[in-house]
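What follows is a pair of complexes built around chain A, which joins chain B in one and chain C in the other.
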Partner chain A sequence: MAFLELRNLSVDYLMGAQRVHAVDGVSFPVEKGDSVGIVGESGSGKSTLGLALLRLLGEPTAEVRGEALLEGMDLLTLAEKDLQELRWRRMAAVFQKSMNALSPVHKIGKQMADVYRVHHPEASREQAKQRALETLRQVNLAERVYTSYPHELSGGMMQRVSIALSLLNHPDLIIFDEATTALDVVTQGQILKEIQYLERELGLTRLMITHDISVVAASCSHVAVMYAGRLMEYGPTAKVLRSPRHPYTQGLLRAYPSLRGEKTGMQGIPGALPDLKEEIPGCVFAPRCPWATEDCRQRRPEEVTIEAGWRASCPRAVEGREPDA
Partner chain B sequence: MPEYVMAAENLSRFYPQRSVKIGDAYPPVKAVDGVSFALKAGETLSIIGESGCGKSTLGRLLVQLETQDAGNLTLAGQDAVALHRKDPLAFKRAAQIVFQNPFDAFNPRFTILKSMLRPLKIHGIGRNDGERKELCRQALVSAGLTPPDDFLRRFPHELSGGQLQRISILRSMLLEPRFMVADEPVSMLDVSVRADVMNLLQRLTSQRHMALVFISHDLATTRYIADRIAVMYLGRFVEIGASEEVLNHPLHPYTRALLSACGSVDQESFDPIEIAGEPPVPIGAGPGCYFAPRCFEAGPECGENYPPLMELAPGHFVSCCHCAMKGVETP
Partner chain C sequence: MKRYVARRLLTGLLTVVVVMVLNFVIIHAAPGDPVRIMAGMEHPSEAQMEELRVRFGLDKPLWQQLFIYMGQVARGDLGTSYTYNTPVLSLIADTLGPSALLALTSCVLSFLIGTLLGLFTARHQGSWIDSTLSYVSYFFDSMPPFWLGLVSILVFASTLHLLPTSGMVNLRAQNTGWALGVDIATHLILPCGTMTLIQIPGYLRLTRSSVSQVMQEDYITTFRATGMSEKQIFRKYVLKNAILPTITVFGISLAYVVTGAALVEIVFAWPGIGRLMLNAINRRDYPLLMGIYLMLSVSVAVVTLAVDLLYAWIDPRIRLK
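Showing the complex of A and B:
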């Protein structure tokens, strides 16, 4: 059993009589210590997936089905009381605008100590302070941040504070939802490097939800490519990005300009995202896929295993086949 | 002397800060602080830098949405400020700008047709609406937006960001400008539709022999479209040169750090160069090199005078005293 295992996870948003199939039957395992990049364009369901794992979606606006097993416990059916034990202590999240969640009228240190003491009621003030300072050091922030107000910090520093907050109670699973997107390139690069160092030190497992493939290339061991709510391809980052098997992954990478190596043309993927309110019997990518057959439009493609831990939901992705140029 | 479409000389834009007490003078925000470059027809210059480096202000100066506080700007050899004052329409027809968010660039109550006809009417292009509409149709077809009438009767919210951005570019191109600024035109679009916008921009630039300034924070996109790249830091160019030259042999420490911090799809390892601190604000920087307080190679000499841009390789200018002393190592 993997550390975190998604089984047939689906999320529908309910809009009156209509259902928007935001996430549709996503399954993949995450081993302890893995860093999984979940990439997709807008509307691919990547953020919904993260919110569902955190149990932030529910009646009456959303319906979550399937299983998400964290060491055998199903996150989706866990009682609210047990969930509280889990949040911050076992799993923590950092969002794109996490810094907006900081109170503007309290010092960073007080906010951090509060979070710590909620989960460690026995801890003294001094212990809470020491723990807060320790995590601030871990994300390369100076001690003075402890006595600063949020407005005294830059965006990059506040995002670092958010990451420090997420580490405060020693979680083993961290979900980053576009956590570095709003930052400048240099700051983003440094934070990504720090995160990877912390992961090795603390044995963290990370889900990285992002639209930016270069972030995944720089910081994740595995990649899950999503399109229109479904998982297209899952596998080790280096292999998937070097020789993608699913036509969507191939198209996405062709559309992505490369910074190094040979300069190649940029090629878009013609067409647009399907209407997620409709039931799509076949492959969701078929209308935009150059190889789509009648069968693709009629029947949902089965997952093909390319090698252990690398699979794609397309019959073309069979083992040993070279990616199409 | 070659004919430059657009030439900037020591272009500067300072925003005064209002002081609370009378008589207290706060130093101004130096958004653009002495930028010089010249562009030939058909050439694309890309300006890259982080937020707050002044790249968008520079773009606005180039099309005179703002007026510079110092320096000269010439459009086809004529002074831009004078030209803009004397005949604003003629200036605007020659120098166009495309913005980041296409949904802000269209009136949501107008159909695409109405939005596209307006500039044509204002600039007196085409004899009647029928003729003008035909021009719009041709433009859409040339960009693969077919059937054109389908697009013309729609409203902006009925189109995707990528389609609307292409129409925004086409609308500007109908005026046949000699010079265009594209300010982050693809940064809010999805990856799979970016390519269409980039390809359109590139094709039109070469077909119409137009000069383009492409403002971006994304180095990989820049590489695809630009002939030359200028790296901006705190209102100044710190490095400018042919794009492959700058990306493959970056010289300025800031450019090197920036490049190392960019992940690339095909990279093997990721090891960004650490630079100290956060991007500072462009107030009261200097007198030495603006980057020196964060630079990993800075020495005492960096704090004395701002290093001028020096040509260290053919066409490759760098403003760094260390690079100048070391010279260029040929790889």
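Showing the complex of A and C:
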């Protein structure tokens, strides 16, 4: 069994009598040491997926189904007490808006020490401080950050603080939710490099939720492409990005400019996201897919395996040819 | 920090001077002639009125009067009241104590009770206590203080005979020491209770919505994800962030402590500055009115500064370098 295994994970948001199918039957394995990029446009359900794993979705408004097995333990059904125990020790997170990731009226160091002591209540103030300073050094921040307030730091520095915070209690798995999105490309590049270095040093497994394929290309071993709450394609980054099999992945890649290589025209995907409140019997991408057949619209496509560890939910994927653009 | 305080003191002083000039002009421009009222007759003779005008310096042009007044104030003299024929300073000094006692007590009480209730309802949103308190708070919020005062007199003093109707001390008893303290406290219950009840709803709703807002902040999500207990998150992180707007409102209400209670003071015949002010307005007692307004603007300036300093101490984001 994989280190982390998502099986048929679904999340519905309940809005009055309506159900929004934010995540719909997503399954993929994550091996220890893997770094999996979850990409998709806004509203594809990628952030919801991350929050569901962290069990941070509000109970009355969100209904989570399926399984998320962390070394065989189902994160979704774990008792509250065990969950609190596991949080930050096994699974930590770095969130999108790092400027708001910590309380603005408390010093950064104090908050880090507090978080450390949640799981090490026996640790002295000094021990907690030492551990916090250690993680700050790991992300190349000066010691003075410990006595600073969040507003005294730049966005990039706060992002590093968020990463340091996630490392505090030696987690195995870190979920990055759009963690580098708000940064300029230079800072983003540096931080991605540092993350990869730390990953190798500390043996971390990483889920990287992002809408930026270049982030995935630069830093992830695997990629999961999501669209309208469903998994379109999953496989090793190098293979998926070089020869995408799912029409949606192909479209997504065509919509990105490339720095090197031939100068080709950029192309958007015509159409818009479907209404997630409706039950869609067939493929969610069918209305925007140039190759959609009547069958695609009627029946949910089965996942096809292209090769071991690489699959896509489209019958065309197995043919393995890039359709004429 | 020192420079910040010095700068704030200077702007505060400037504000007070500007307010003084404005007040002077507005009060003198308002209709009503103090001389006519002082003469105390339906049709005073021209000569009598002229005599009074000269005596109080009201015959001089307005700008001259203003300079004379400013000069007086600079020397620490607020002038003599037309109607009481007593120095304004001593009139204010006599009434300031009772006013501050009533207003400060109710300000602090309503701040404490309102904030605590707000925190409680925020933690138990949707519970029956929450909805009951929300109805009750709307009830008191929409009630005029003088009316609540009258009703409470009717119920607790006239009908139940539990508490005195008005005043600050029992003049017949001539109490001293402990007995005097107890006497003042019993007289304080109704007016102070009235003002407290009126002010609680504001704090309650402000705190409740402030807490709900802070609970939505990203850093609360971070702390939840770390496995920190809800209790610790609330006590340590929600509280300090949510209390900030409450402190601002507390500061504003403190600034109006002295005059805000005027109507309640009148209903309960409380010997405070609010009552003095209304009398001064009715009788066009310019020096007294100016003196009270000056006091008010000084107290607003001082309290605003104090609240800003307190704020800067709690919220590092607005600390100026």
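The rule we apply is simple: the second predicted complex is superposed on the first by the 314 of 325 C-alpha atoms of A that agree within 3 Å, B and C clash if a C-alpha of one lies under 4 Å from a C-alpha of the other, contacts with A are read in each partner's own complex, and residues count from 1 in each chain.
We take it that a residue touches a chain if its C-beta (ideal position, glycine included) is under 8 Å from a C-beta of that chain, and two chains touch if they have at least 3 such contacts.
From a predicted model like this one, the values you see are computed outputs, not experimental measurements.
The superposition on chain A brings chain B alongside chain C with room for both. Of the two partner chains placed around the shared chain by superposition, chain C is the only one that A:Ala92 touches, whereas chain B remains out of contact. In the superposed model, A:Ile269 lies in contact with chain B only, and not with chain C. Of the two partners chain B and chain C, more residues of chain A are touched by B.
Residue contacts after overlaying the shared chain place A:Met226 against neither chain B nor chain C. Once chain A of one complex is fitted onto chain A of the other, the partner contacts of A:Gly189 are limited to chain B, with no touch recorded for chain C.
In the superposed model, A:Ser154 makes contact with chain B only, not with chain C.
Of the two partner chains placed by the overlay, only chain C lies in contact with A:Val118; chain B stays clear of it. The angle formed at chain A by the C-alpha centres of chain B and chain C is 70 degrees to the nearest 10.
Once chain A of one complex is fitted onto chain A of the other, the partner contacts of A:Ala217 are limited to chain B, with no touch recorded for chain C. After superposing the two complexes on chain A, the shortest C-alpha to C-alpha distance between chain B and chain C comes to 8 Å.
When both complexes are aligned on chain A by C-alpha atoms, no chain A residue touches chain B in the first and chain C in the second.
Remark: chain A residues 41-42, 154, 156-157, 184-190, 192-193, 211-219, 241-242, 251-261, 263, 265-269, 272 touch chain B in the complex. For chain B in complex with chain A, the residues that touch the partner chain are 50-51, 160, 162, 190-196, 198-199, 217, 219-221, 223-224, 244, 247, 257-267, 270-272, 274-275, 278-279. Remark: chain A residues 54, 56, 83-89, 92-93, 95-97, 100-106, 111, 114-115, 118-119, 149, 151, 162, 165, 169 touch chain C in the complex.
Against chain A, the residues of chain C that register as touching in their complex are 217-219, 221-229, 232, 236-237, 240-241, 244, 314-317.
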